[in-house]
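Each of the two complexes below includes chain A, the first together with chain B, the second together with chain C.
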Partner chain A sequence: MSLSKRQRANLLRYFVYAATLIALALLIFIVDWSKLSNAMFKWRIIKEQFPDILTKAARNTLIFTFFGFIGGLGLGLILALMRLSKVRPYRWFAATYIEVLRGIPLLVTLLILGFGVPIATGWTWPNMYVQGAAPLALVAAAYIAETIRAGIEAVPRGQMEAARSLGMSYSRAMITVIIPQAFRIILPPLTNEFVLLIKDTSLISVLGVTEGTRDLAQFGRDGVGKFANATPLVVAGLVYLILTLPLTQLVAYMERKAKRVRR
Partner chain B sequence: MKRFRTVAATFAAVALVLSACSDDSESSPDAEFTTISDGKLTVCTDSPYEPFEWQDDDGNWTGFDIDLLTAVADEMGGLTLEVIDQPFEGIWLAPAAKKCDIVGSAMTITEERQEAALFSDPYFNADQSLLVSADQAETLVDAASLAGKTIAVQSNTTGETYANENFTDSTIKSFADATALFLALESGQVDAALQDLPVNADRAMKNTDLAISATFTTGEQYGFAVAKDNTALIEAVNAGLAAAKSSGDYAEIYKKYFGVDPE
Partner chain C sequence: MSDVVVQLTELRKSFGANEVLRGINLEVTRGEVVCIIGPSGSGKSTLLRCVNMLETPTSGTVAVGGIELTDPDCDLDAARTSLGMVFQQFNLFPHMTAMENVTVALRKVLKRSRSEAELIAGEQLARVGLSEKALSYPAQLSGGQQQRVAIARALAMGPSVMLFDEATSALDPELVGDVLAVMRSLAEEGMTMLVVTHEMGFARNVADRVIFMDEGVIMEQGKPADVLGNPSVDRTKKFLASVLGTH
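Now for the complex of A and B:
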C-alpha cells in the first residue's frame, strides 16, 4: 500500500500528536502531585510571601534593572559609536571593552567591582543600589553596544548619503536620521537584553543584602531557609514572569505600530 | 503455559536475590541501613567553608567535616566518602530529596531544622565570634560599639539569627557565601563579620590584617543530618562517631584543623 505525500505528512503529524499525548499522560502518572504541591506550592506559605515580595523584593529587582538598563543603554550607545568611528584608538578601546566585559561572567565582574575597587582605591560604595547596579550597567553596555552597532549597520547606506547631501553634518545625520531608524530595528533584541537583565539582577545578592535591599531571588532563597520549603522560590519565579510578560507584550505592540507607520 | 513458566522463573530469581540480600544483612548487624549508591556514603556540603570543608589546590576534598565523615564512613563497614557541593540554604532537606545520604556542612542543630531532618549526636561545639580589621580589634567588641555600623553575616545561619537578636542597632548585611562575606570585610564594605568561631579563627590565621575581637558562647553544637525517617542510618552514623572518638581519630582530626585538643 503506497501513501501519497500528503497522506504521509498527515500520518507523521498524527504520530507526533499521539506521542505528545502519551508523554503528557506519562508525566501526569509519574509525577507525585501531592508530594510536589506539598514541597513547592504550599498555600499557607504562598500567602505569607505577600505583600513583601511585591512591595520590597520586586521593587528592588526593578530598581536594579532600571538603573542597569539606563546606564547600559547610554554607555552602550557611546561604545557602539566608538566602534564605528574612523578614529582607530576609539575602535580599539570599544572592541577591548566589549570583549572583556562580555567574556567575564557577571558574577565575577560583580565581585571584582564590588570588592576589588574598594580594596584597590580605599573608596567605598555609597550604597547597595549603586554597588549592584553599576557593574550590571557596565556589563549590559557591552552587550547593548553590539546590538546597537548591528542596528546602525542595518540602516541602508543611502540614508546617510542622502542626509549628508542635504547638508547635514555626520553627527547630525547620525543623531536625527540613522540612530532613530536603528532603534526601530533593534527593539526586539533590546527587549531581550532587558529581560535578561531582570534575571541577572538575581546575582547582585552575592555582594550582600540588607533587610531593605533584598531582590526577588534572594527573597525567595531566604524564604526557603525560613520555611524549610521550596514554595517561596517558586513564587519568586512566578513574580519574575509577571514582571517580564507585560514588558514583552508592550514591545510586541510597539513593533506592530512601527510596522504600520513604515507602510 | 510457556509464558507462565517464564513469570514463575522470574519470581523465583527475584526471591533468590531478595533472600541473598537479607542473608547478607543478617550476617553483619551494621548493614541494615542503605545508602543511595552502594559502598559509598554520599555527603552534601556547602563548600568552601574553611576549615570545615573546601577543595585543596589539587581538587581533593578536605576539612574537619570531610575528614571526620571519612573516618565515620570507614567505621560503618568500610564505606568511602562521596562529596556533593550544595548551597547551604535548605541543605538539610537534601537527604530527603535523595540527593545525598547525609549532610555534613558545619551545621548547627536547631529545633527548626530538627523538624525537617534527623540529626546525629553533636560532634562540635561552635561559638559565635566577631572578626574585624586588626586595628579595630580593641574598639569593635560588642553591640554598643557596633551601633550604627554594618555587620556581615551568612544567610540562613545561626550567626544571622544571633546578629538580628543581639545587634539590633547595627545594619545586618547577609551574604550567600563566606567568600563574599570576607571580601566585604577586607574591602571595608562592612565593619565586622559575625560568624562561627572556627571559621573566623581560620581567616584571622591566614590574614593577619584581621583579628577576632570578641567571642560569644551560644551553646551551639554541630550535627550531621539525614532524612527524617532514616533512623537506621543515623544509628550507624552515631556508632561510627563514637568509634572515631574512642579510637583517637576524632582528636587527631580536631588538632589538625583547630590547632588544639578537643574540649
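Now for the complex of A and C:
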C-alpha cells in the first residue's frame, strides 16, 4: 500500500513523538535521582553559597563584564570608523587588529597579555580587575567593531547625503545622524555581545584570581573543591542565567518599543 | 554684480567608463525657476547632485553665488548651507522629530541657540503647513508630509538656491499635490529653484525655463510653452509623447 505525502509526514511525526516518550521514560527509570540530587542539588550546600556568590562572585563577574564592555565599545567604535575610513593605513590597521584578535582564542590572549607581557617587559598590571578586564576589552573590541561597522553600513546612504547637504562635516554627520541610527540597528547583536562577555569572564580565572576577585565560575569551582560536590557549579550556572536572561528580555522589550515609536 | 546664482561650465562626470554628463553649460539667475526634464539615465539627477557636490565632477567648474565649489580649497560644508537639497526619498532623520529634523543643522552647523533654532523651524514648518506635526517622528507622517518637512529643513538654513531631485516621484499620486503646492508657493516668493521633475504640469505652469536633457547633454531649453508645446528637437518630441501619452 502506498502512502500519500501527507500520510507519510504524519506517520513520521507520530514516530518522533513515540521515540521522545520512550527516551524520557528510559531516562526517568535509569537515572538514580537521589544520587543525582545528592551530587548536584544539595540544599545544605546551596544555602552555603549565599550570600557570597551574589555579593562577591557575581559582583566581580559584573565588574569584569562592565569594564570589558565599556572598553570594547569605545575601542570598537574607533576601529569601526577606521575600517570605514578613506585613509588606507587606518583601514589596514583596523582590519589586521580585528582579524588577529578574533582569530586567537580568548584564553590564549588572556594568558599572553596577563602573563606573557609582564614577563617580557617587567611591567606589572596595576590590579587584578585591570589585568582581567583589559584583555577582555581588547578582544571584545574586535567583535564589536565588526558589529558597529555593519550597523553603520546598514544606515541608508541618503542619510549621509542629507546630512552633508545641510552643511554638516563628515564627522558631524557621523556623530549626529549615522551613529545614533547604527546603534539602534545593532542593539540586539550588541546585547548578544554583552551576554557573551558575561560568560567569557569565566576564563579570567586562569590568571589566578585571588579570594577577593573571584568570579562566578571560579567561585563555583572553589565550592566543588570545598564540598567535594557539584552543587556549587549548578548554583553558579543558575546565577549566570539570572544575569543573562533579564538582559535578553530587556532588549526584546526595547526593540518592541523602538518599533512602535518609529513605525 | 551679475545676477547669476548658479554657473556650470563644461561640466563632465564619468562613473568608470560611463560618461553621464558630457559638457554641461548652465547659468541660473536669481529668482529663476528652472525645470530639468528628460528620460531616466539622461544625467539630470547627476547634474543636480553635482551642483552641491554630492557628486564630484570629473572636470569643469561649479560656481554658486560667485564661489567656485570645484576649487579644491573651497569649504564645501560652508558652501552647502546656501544650497537647499530635497531628495526623492525625503531622507529625513528617522530618529528625530520633525522639529529636530529642521533644527539639527541650525544648531550644529550654524551654531544657533536652541530657542532661536526652534523659532526658525516653527516658521518653516508653518510655511509647509505642518505646525501641528512638529513633534511627530517621520515614521508617523505620510510621504507627502515627510517631503514637506524635508523642504522645511532645507529652507531653514536660508539657502539662496533650492535643488529638488524628483521630489514627488516616490509619493502616492494623491500626495503629490501638497508638495507641488509648497514648491509653487516657493517659486512665487522668488526662490531660485533647480527642479528635476517628471511633473510636466508643474514645469509648464511654474518654470521660467525648461531644460530637456538626454544622454548627458542639454538637448533643448527655453520657455516652457516652447519646449513643452513646440519642441524643436526630435528627442524632445519623442520624450514628451511618451510621457504625456499623446500623439
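Throughout what follows, the second predicted complex is superposed on the first by the 239 of 263 C-alpha atoms of A that agree within 3 Å, B and C clash if a C-alpha of one lies under 4 Å from a C-alpha of the other, contacts with A are read in each partner's own complex, and residues count from 1 in each chain.
Rule of thumb we're sticking to: contacts are C-beta pairs under 8 Å (C-beta built on N, C-alpha and C of every residue); 3 or more make two chains touch, one makes a residue touch a chain.
Since the model is a prediction, treat every value here as computed from it, not as a measurement.
Aligning the shared chain A places chain B and chain C next to each other free of steric conflict.
In the superposition on chain A, A:Val177 makes contact with chain C only, while chain B stays out of contact range.
Residue contacts after overlaying the shared chain place A:Ser169 against chain C, while chain B stays out of touching range. Of the two partner chains, neither chain B nor chain C is touched by A:Ile78.
Of the two partner chains placed by superposition, only chain B is touched by A:Thr124; chain C is not. Judged by the touch definition given at the top, the superposed model places A:Leu238 against neither chain B nor chain C. When the two complexes are overlaid on their common chain A, residue A:Glu161 makes contact with chain C while staying clear of chain B. Once chain A of one complex is fitted onto chain A of the other, the partner contacts of A:Leu54 are absent, as it touches neither chain B nor chain C.
Working from the superposition on chain A, the chain A vertex angle toward chain B and chain C, CA centres, sits at 160° in steps of 10.
Across the superposed structures, the minimum distance from chain B to chain C, using CA atoms, reads 49 Å. Counting contacts as defined above, no chain A residue meets chain B in one complex and chain C in the other.
The touching residues of chain B, when paired with chain A in their complex, are 89-90, 92-93, 112-113, 115-116, 150, 152, 155-156, 171-177, 180-181, 183-184, 186-190. Put simply, chain A touches chain B in their complex at residues 111, 114-119, 122, 124-125, 131, 205-211, 218, 221-222, 224-226, 228, 230.
Within the complex formed with chain A, the residues of chain C that make contact are 52, 54, 77-78, 80-81, 83-85, 87, 89, 91-95, 104-105, 108-110, 137, 139-140, 150, 153-154, 157.
Those residues of chain A that touch chain C in the complex are listed here as 156, 158-159, 161-169, 172, 176-177, 180-181, 184, 261-263.
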